[in-house]
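The two complexes that follow have chain A in common; it is paired with chain B in the first and with chain C in the second.
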Partner chain A sequence: MHKIFIRSFVSSLVFLFTLTVAAVAKDVKAAFVYIGPTGDHGWTYQHDVGRKAVEAAGYKTTYVEGVPESADAERVLRQLANSGHDVIFTTSFGYMNPTNKVAKEFPNVKFEHATGYKREHPNVSTYAARFYEGRAILGTIAGSMTKSNVIGYVASFPIPEVIRGINSFTLAAQKVNPNIKTKIVWAFTWYDPGKESEAAKALIDQGADIIAQHTDSTAIVQIAEKAGVYAFGQASDMDKFAPKAVLTSVENNWGPYYVERVKAVANGTWNQKDTWHGIGDGMVVISDLDSAIPSDVRAKVNQLEKDLASGKVHAFTGPIYDQKGNLMVADGKTADDGMLAGMMTYVKGVEGDIPN
Partner chain B sequence: MIKIVKRDQPSRTIFFLTPVLAIILTLFAGGLIFYILGFKPFEALKFFFIVPIADMYGFSELLLKATPLCLIAIGLSFCFKSNNWNIGAEGQLTFGAIVSGGVALLFYNQEGFYILPIVILAGAIGGMLYASIPAILKTYFNTNEILVSLMLVYVSKLILDYLVVGPWSNPEGFNFPETRQFSESARLPILFEGLRIHAGIFLALAAVVVSWFIFYKTYLGFQMKVSGFSLKTAKYAGYKGKKMIILVFLISGACAGLAGVGEITGPIGQLHREVSPDYGFTAIIVAFLGRLHPVGIIFASLIVAITYLGAETAQIFMQIPKYTGQVFQGMILFFLLASDYLLFFKIKFKGSKK
Partner chain C sequence: MIDINFVGLIITSIMASAVPLILASCGELITERSGVLNLGVEGMMIIGAISGFALMTVTGSLFIAVIGAMLAGILISTIFAFLTQTLITNHVATGLALTIFGIGISAMIGKNFVGIPGKEFPVLFESLKETIPFLSPILFGHSIVFYFAFALPFITNYFLKKTKIGLIVRAVGDSPVSASNQGINVKLVRYSCILYGGAMCGLAGAYLSMIYTPQWIENMTGGRGWIALALVVFSTWNPIKILIGAMIFGGLTIIQFHMQAVGVRIPVQFLTALPYIVTIVVLVVISRDSRKIRLSTPSSLGKSFYKDN
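Showing the complex of A and B:
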């Protein structure tokens, strides 16, 4: 009798202990929702690189690719929240409303929405990258290397994110070459190799000898390679798709942020926040500079990269004028995040009007 | 020895059996593909076709997904039965969504029982207007309706892009390409608390009943059938061909427009760039898989709907690429067209009696 009592007492202790251990070392599972295929070599590809970093850090991950921003997004999110995922990264703007809706139903699951602005529930965070810092680097290179003084820029949608990029690029280019003009073609797509190619061709026909892009496919750098003009890679290092044309790329480096946030969930230290990281935090990375870039430009670019990272230089430092010559940012001042977030006017030197 | 003999007359039994055969062949080929990709075929098929609808929520999502497919396919069957090749249901859906979304935005922040009926009607009218373009061009200018209706799909998507990026974009939305959220009075009511299935399913069911009645109980249905078999016969019988062409396109457009209304006033609640994941094109598969029969279309829409849901589940639980869902849709259509061969030919083994 006595023995049985002790044995059951011990075994229940062991049982309790395993339970506690299981609770503490509970595997945190992260899920990622992608707008495109993981093989797009642009936006989604880079998010998936970030996911792999989370795996490498020892966490389980799941992803669903090609989730349209239609009514389907909500179902995928709910299914992920329902199947044991502790944190869900939704990596496209169009998932904003479904993310907040599903977050309300699953208060114990954390949601991280990329590029959006709605955080309606305490378990929703948003994050984005200061890509405009990378575009200041591209502008510096473009301004130094253009011969025709016409720089082409394939843009996606007239939203502040894209306008900001165009402005940052143009301001930096003007700093090294006051005569440049930036010509914009709006492709009205994030990913459509056909449309992007047409846009790039149109810009080359208009005399652009360097093409920048704010769309995700590799079509533009390939067109540039054929036409013998320079280009910049978007989202991932696109050098291998057009070794001669690509001068450098601005890479989206989500890995460090993803690992940090998943760790925070595991440690119970996750809190709601709005993250906007740039070169300094490593979310925006400049790929290796091409050998075609002369050494003086190279030195200038390296210095700018350091100064942007340390905060010594801000990409939007006054005086900045809009197209009509009105002062946007006064001499010596820098644009604050509020102004950057709502930026909907071109700076001087950009040709054409913002479509609306 | 196997011999292939032409049938005197297409077999009616085979006509309704081939869709079933196509589905079986698709499952078999799908399993084979999973096996080649290195997944356990039965487990993969289970996650594809059973797990997604194993609970009440999953089943309601299936109905939600099947609703627009069924509605559009019913509309398309009017066209296809009468030899009118409307490939542009996606455009009619988009335009219907644009018109009804525009009306819903007019009533922004307003409440009232009359709002929803107006919004629904606007969607149907939008779809009809858009479908009338290929219909009128076909009847009066003898253009090819396949090309016209298809090209208009891209036009409608560009119009939608323009509106949500520009004049209709949410003023508080930092210029992102989306409109405001519609007011509650412009939303289709949800049928069960916690699920997304909405009153739009009744529109689809009504379309099924009405179309069955028209097909099999009215003179119009008979005219459509005759025109489908032979345009010359229809002409000889003195049918007013032009009127019928326009009518079937209008019906088809109204159905597609209503499907668009269901999406934006149901689960989405606003207009943005991706109102439909190509329901208008997928519904063509649904219409043919359902043999252009209203009841067949119900089953076909459920089967095709599950390929969407299954693809998501299979990726979440087994890391199977989600695009296999499209492979399944393609295979169903392929096997259906292939097995249609049996409609007109039969396989005879040597020695068997005639």
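Showing the complex of A and C:
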């Protein structure tokens, strides 16, 4: 009788203990700081899809939208760190300094900064996606499908991320069609449907029959649909906005990374790291290919996707020349991450100058 | 050799981008002519944009959507009218609040409408589009809102100069006290002008979300309301000059993209700033007569009026 009592007491204690541990583990709270509105259907929207995946995995999340990349960001971060969040994701390049500054003040809170390179404190990690791999796929499709050999490209701001994308796209297109030209128009906005569509219209009027974009709204694919030319979706699958025009989209898939990192915080296994994932790790996803793409191109694209994922092919494989004909990457070599991260020159075949 | 049809296409793009500016500016012009400064243009436009898009999605009727967008513009400007005319609040502060309110509430309503593709808006005279080179793409194949926008400056001009109600509006704007002594109901006139401005801004917003870029995205007016406001001032309250200003602004925006695509070696930052600079310079030059400016500025602009009985 006595023994049974003790045994049940101990077992219930153990049970209670595990329950509390489970409860504590589940109690991890993650916060997300967004540059734009969650309704932009582009950059921020995709981060929020990732946040929902964290929520679905059983963790509590909060988010703050439309946070300017200024002293305001610090204030928001401090408030989030103070109100019991264990891990904070800051999802825009401009949050780099505020993130590191606030991280110093809250050593027990983990900080995850997207697309940056500063990890000044042990509780700051950085992460980004190799979108240029996706752009190599788009370039392959564009080079194969253009009839006018003029490809339009609406760009946002002259930063390495965007220039890397233009280069990767152009190199891949040249590989399948050496005669193509990439015409770039800088819209100087990430997100202004009116301006973006005006830029796209200008490119179409000048003979581009395929339009690529590195801005966030769906306006460009809609203009392409109206004009009867092809286009590619950005950040999310934009097929439903322009079913005929959109050949495929490059999707940003943050969910798996977010869930993994929040789980790591919960298990106490979180450590500082720098993540730069591509197609292979599922951070960059290619949407379904449109039926307008002929089967030989489709096969080529599928193969490239597989090879990029396995690492057999690198999007920046030499010989690569810049616009003036100087060798950037030697024959048979690939560009290293340092070169990719600071890429500020066009490759041969891109028209125009990079605005400074 | 530049293809003449290509020039036609560019002019068509320019006109299409000028439409929302013309609509909003002409609406605001009437409001300001009655002596009320409504800085809420951006807010009213964005409310029109979401209302039009939401109604189109829910009811499926483009007609209801366009009318609804104008009514929404009227509704939100009623708030402004009530505050500034009945409660005699400061025009500038209330207008700014209206813009912030509009952007916020449109984002809230718009949550459920993100990511829904818009509908095709019917165009007129599409069959004539191929008949005359250069001219037909400019003249034919546009939405009814497009034609209305290009008629509006002339209608507005006629209204202000030749009709009795137009003269009453100007009298109220220039001297509400004298107008009131003449037996004119200043409050009623100003209320009407504010609501009319709201309707036009609502229509401008609906044009953006239903015709120009058929979709809803938060903040999609992208500062066009502020440009419309600036056009009113720089045009010295002259509707015809608004038309010129809107065309210059739209034109330079479009042409700078073309120059980039052609590869003209001018710094892109300069090209991007060009529409703003040139529009202001041109409008300042064409209306530089300071006496004329003083005469054309509504004397009571932005000043509250109340009658003590």
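Note that in this section the second predicted complex is superposed on the first by the 330 of 356 C-alpha atoms of A that agree within 3 Å, B and C clash if a C-alpha of one lies under 4 Å from a C-alpha of the other, contacts with A are read in each partner's own complex, and residues count from 1 in each chain.
In this section, a contact is a pair of C-beta atoms (placed from the backbone, for glycine too) under 8 Å apart; a residue touches a chain by one contact, two chains touch by 3 or more.
Keep in mind that this is a model prediction, so the values were computed, not measured.
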When chain B and chain C are modelled together on chain A, clash or fit: clash
First (chain B), second (chain C), both or neither touched by A:Y117: first
Contacts of A:D281 with chain B and chain C, given as first, second, both or neither: neither
First, second, both or neither for A:E260, with chain B first and chain C second: neither
First, second, both or neither for A:S197, with chain B first and chain C second: second
Which of chain B and chain C A:S83 touches, first, second, both or neither: first
Partner chain in contact with A:D322 - chain B first, chain C second, else both or neither: neither
Chain B versus chain C as contact partner of A:D72, first or second or both or neither: first
Partner chain(s) touched by A:K240 [first = chain B, second = chain C, both, neither]: second
Touching partner for A:D40 - first (chain B), second (chain C), both, neither: second
Stretch in clash, chain C with chain B, out of 93-101, 111-119, 129-137 or 255-263: 93-101
Chain A positions touched by chain B in one structure and by chain C in the second: 37, 188, 355-356
Residues of chain B that touch chain A when the two form their complex: 57, 61, 64, 158, 161, 165-167, 174-178, 181, 196, 263, 266-270, 272-277, 308-309, 312-313, 315-317, 319, 321-323
Touching residues (chain side chain C, partner chain A) in the complex: 6, 9-10, 13, 17, 107, 110-111, 114-115, 117-118, 208, 212-215, 217-220, 222, 224, 253-254, 257-258, 260-263, 265, 267-269, 272
Footprint of chain B on chain A - complex, ascending: 31, 37, 62-72, 74-76, 78-80, 83, 93-94, 97, 117, 157-160, 188, 341-342, 344, 355-356
Interface residues, chain A side, partner chain C - complex: 36-37, 39-41, 45, 152, 183-189, 191-195, 197-199, 201-203, 205-206, 208, 217-219, 222-223, 240-242, 351-353, 355-356
